[in-house]
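In this document, chain identifiers A, B, C and D correspond to the written order of the chains, with residue numbering beginning at 1 in each.
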């Protein structure tokens, strides 16, 4: 059963979900948050290890694994670890009853893993929904909170409407090609249906990635969810959606050229079957996202909201990667720098938000910029991890985010998108201001001595995994900047 | 012994950083802090080992330099970079004084930082700074250099804000960081431009040089000239940031907020030279771009003059030295601007010694006066702290270019090169005809004038500090004491350096050792530059005499003006006032001028992009309702409106995309309609 | 005149559009959910309609995908109504516009 | 010809019922219209030669899902839509946007030549299930997706439980609630 080996990471994580869900009713409320996260984390770690078994191959034309997808998978699982750590800290401290959340988080990670591997629209759709449902529930996990309810509502409604759009796009593509496979040739005379279908599918994925003009949900949902969940969601859903977008993109090129499948994302693709219209669509989406993300973020006070707009902006940066090295003129696409950017972004934003979940006080009350001032001095370890992650988001060397940005802009420069590259570069500087502002505030002198007893009384047991995973994320970012090549080989 | 691996050099400070950082973190909880003996010892040993490595390597270095590639770093199709080191004539000189002076600073700091709460933390920063600086100098490609570049920026941020209890220091640190970031943008964009000209591997210095040679030999210069000029300007912007040239120079005086004067010294003697280093390193490119060279020369000239005049107005002893640093950097850039990269590096080298001696001396003065920095409260210290005074006076002779001292050789060399290499440019008149402008002569005259002013303000510093009567309070006078030995030793060593370093390249007595050692690394660039700039040889003795006269004149003026002048009683602040302040802070005001529009733009974008545009979209749908309902509905908070906007956006983009693909065509009758409207209009009109 | 595939597609498109309009323009939460169900139904119809225009092998996919999509729609309805119950408890309102208090 | 007549009848019912959903005031009426629309869609599936799908449609959609819908509407009895207007100014904006998008898709559909294929397979139970559970190495592999679907349903269930279960909030707030 070669195919079983191919799915080993997913199977292990799904097993972890089943185990933690099955064990949940047999534990009392106290020990739920002490035992279950560790169980889940062990399975996630095993899942990471299981990537060593996976070979580069595709299964039934439904799923495929290649070095890039492997890297994406590992980063999804790393973000899942961060998410579990944050969730343990939050749930344990607030003494929530019930530990279903850990199982749900693993199920969502399963979905994201499958999204990165899908090369068929049907499997992509199922994986996408598998990612979404648990995240809907996780956003609403703080059930008494009005904002959480609003967040779930907005996410659910817009999410299901855009998945309907996505599915309709799939139907049109099926009508045009006779298959839901991403790489099947268009039938005679049905090119127009294909064009519309692909646009709907692309926007369905861009919605999940939070790019403009379908970005409106991002700010509200990120703010509604608890900080720990926001960190998980920001990273995992985005990795899944943008990885799928990359597959779809290569698929479009292959389909239009009528060429055989080219599912290996690690290899450069050249079909000379590019569409100028799609080029401009991507460019418009990129520029809109960058502008909206950069400037709206400046006006925000809440860290979650700042990072929400940063998510919008980074979605804009990442989609530029679709056009490299030279989509418009030669129809050649190599998505390496895009996925490197994606991975660094995902780890950095998950790490930063999880760390802030640790620093933000009970029920995330102190999550605004002025409330969090000086917290980093009391908890320097986590705050340092957060600072590294923020530096990566801001694109400061020597953290990996710098390399990713540099590679992306260098590529855009060489691809002849000089204006876009300079524009994006300028906007990334604007955005760097708000990341650095968070870092600055964390370490600024405190305004008044600590008055809240709540944060000092917490059982430190709940924080160990969070501390460990945040430092793991920071180390991963540093390691990727020193040896980016090894990240892609692993 | 020569096959010592190169990575040992950065390794030692890195180890030191890690070790000291760990000590700092571990001991942060305890009341007493870690034992200063051990920490201080460790802090000195690591840079010293590094210095030892450099010395060993420097002695056995082959002519062409040592290259060492550790591993592949980045291998994207568009970008290929290795982690590698390059040890040649240029990096040898730089490394020698970076590690050497670094070691001395560490030694000195043990005395200076005695009893400070953050003792271990401070030395961790110093080691990290040295590590970054070594990486900057030793790297064999621009990207790794950029890492070091950012690293020193970070360390300067940390060191300036070292006493972060004080908001003023934090602000100064932020300012330094932000101004440096502006320069870094230039560096980054320059790299991008270079990549787009030269391909994936061009960031490596060897390949860079080959590439430039290829352009030159193949006569392809005119093909890439525009882009290459842009690249040169962008890199120069990067250098102005790090080397505090106009217009990015305001951070350096503010950086004096750091722990007196150790971090200040780091900025002044080592970090700021990285800009000069980069220009020299990329000399091959700059020498092909006469316009950029001219820009560099004039920026250097104005900076030198402006900073020298500003130095006259300062009351804070460290600020005087800071502005004098800026002024000396201006000289270095002037030299680089006429393709005399070796002279520029030579001045970097000598300057490092005498400026370090001056800063350490100033530090010793401040130390002995228990933190007093205002020169108006000093005076007559010659008797109380004789060693410090001697050090300062010798260094003073070096900086003003008194014959025989280090500054004499390097500064006069630069002035000589300005005349011999300076281009003559034909300036067309508006009414026709043109006049030949001897740029070299202009640069030389301004440089000479600056030398006079340098002597004046340095003389003022020496006179106000060491001569006359003590002007401080009586009780503080009793406490004045000479610095401890651990501080004096580095000072004395540096004093010897500032006397004798100049003899490495004493043209007049026939020693050209320094020039020869740099020839392999820079020679190509200078040859090209000299061929372009039409060099004519001049008599060096004439320049030496003129330079000496300038120094003597300046010293005379200083003695006449300041020796017997009644010094006004100081107010609380040491900052200059009135027109002096206007002159000093002109660039700060200009910076504020830049900051303000950015804020305005941000505000406008916040209002326009986020709210107004959404409102505008909304207007299209429900314009009648807006009139009735007012602006309360502008904010998109309702999910239905959010979705509606999203779908509108999608629909618009899809519409345009389908038009572009030709799937949706414009029906014929639209054209007919337009035509008929046109004809109708034509008939009416 | 015979039945044409395009009729089926146009019907599917029309129902899809009505479904989306119901989902967004109605303020009652239940209608929002029902609109989404309607849209997913229309997509299934589109799949089946396209399946009929394709040769043997390809047409099977068009029969299978709607099965999956029906299952997913059922799951979505389940999550959706759970969500309605959750937020209804908090705010006692089924008006979609009453869930718009977040500011930034 | 006969097929066309049946189709037209069913299509009119389906579309009409869909419009009723849009225009009905009370959610229950909307739900009933939705059932009508779904059943007539099931009829169209039968007409197009996919009886299995039609049956599934009736059972799952019209049966199970609509049960759920009506049940929840009944439970949350205060769910009357009478206070809020059915349409407001936002609708003015939504309807044109959706219609433009739909028109674009329509144009694309019309421009493509679509014709029934004679070789198409009737979607009977046997054929459908054989394809679905074909575990052969070279088969379509839908069984894997079937497994994933199992995970999906599990996640939906757990998500629903997490959101709708009565007491899952923090201990403190629950205690406060009990005192009241």
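Here is the rule we go by: contacts are C-beta pairs under 8 Å (C-beta built on N, C-alpha and C of every residue); 3 or more make two chains touch, one makes a residue touch a chain.
Please read these numbers as outputs of a predicted model, since none were measured by experiment.
Chain pair with the most C-beta contact pairs: C-D.
Rounded to a whole number, the gap between the C-alpha centres of subunit B and subunit C is 62 angstrom. Averaged Cα coordinates give subunit A a centre that lies 29 Å from the centre of subunit D. Mean C-alpha positions place subunit A and subunit B at a centre distance of 39 Å. Contact with two or more other chains is made by residues 637-640, 643-644, 647-648, 650, 654, 658, 663 of subunit B. Across the assembly, subunit C contributes residues 9, 16, 19-20, 24-25, 27, 29, 49, 53-55, 61-62, 64, 68, 72, 75-76, 79, 82-83, 86, 96-97, 99-102 that each touch 2 or more other chains. For subunit A, the set of residues that touch two or more other chains comprises 122, 126, 129, 133, 136-137, 140, 143-144, 152-154, 157, 161, 168, 172, 175, 191-192, 195-196, 200, 220, 299. The touch graph of the protein chains shown is complete. For subunit B in complex with subunit D, the touching residues are 618, 620-622, 625, 629, 633, 638, 640-641, 643-644, 647-648, 650-651, 654-655, 658, 663-664. Residues of subunit A that touch subunit D in their complex: 3, 7, 14, 17-18, 21, 29, 59-63, 94-98, 100-101, 103-104, 107-108, 110-111, 114, 122-123, 126-127, 129-130, 133-134, 136-137, 140-141, 143-144, 152, 168, 172, 175-176, 189-193, 195-196, 200. Per the touch definition, subunit C reaches subunit B in the complex via residues 20, 24-25, 27, 96-97, 99-103.
Those residues of subunit B that touch subunit A in the shared complex are 25, 71-79, 83, 143, 146-147, 150-151, 164-165, 167, 170, 174, 181, 185, 188-189, 191-193, 195-196, 602, 605-606, 609-610, 636-637, 639, 642-643, 645-646, 648-650, 653-654, 656-658, 660-661, 663. For subunit A in complex with subunit C, the touching residues are 122, 125-126, 129, 133, 136-137, 140, 143-144, 146-147, 149-154, 156-157, 160-161, 164, 167-168, 170-172, 174-175, 178-180, 187, 219-220, 223-224, 299-302, 305.
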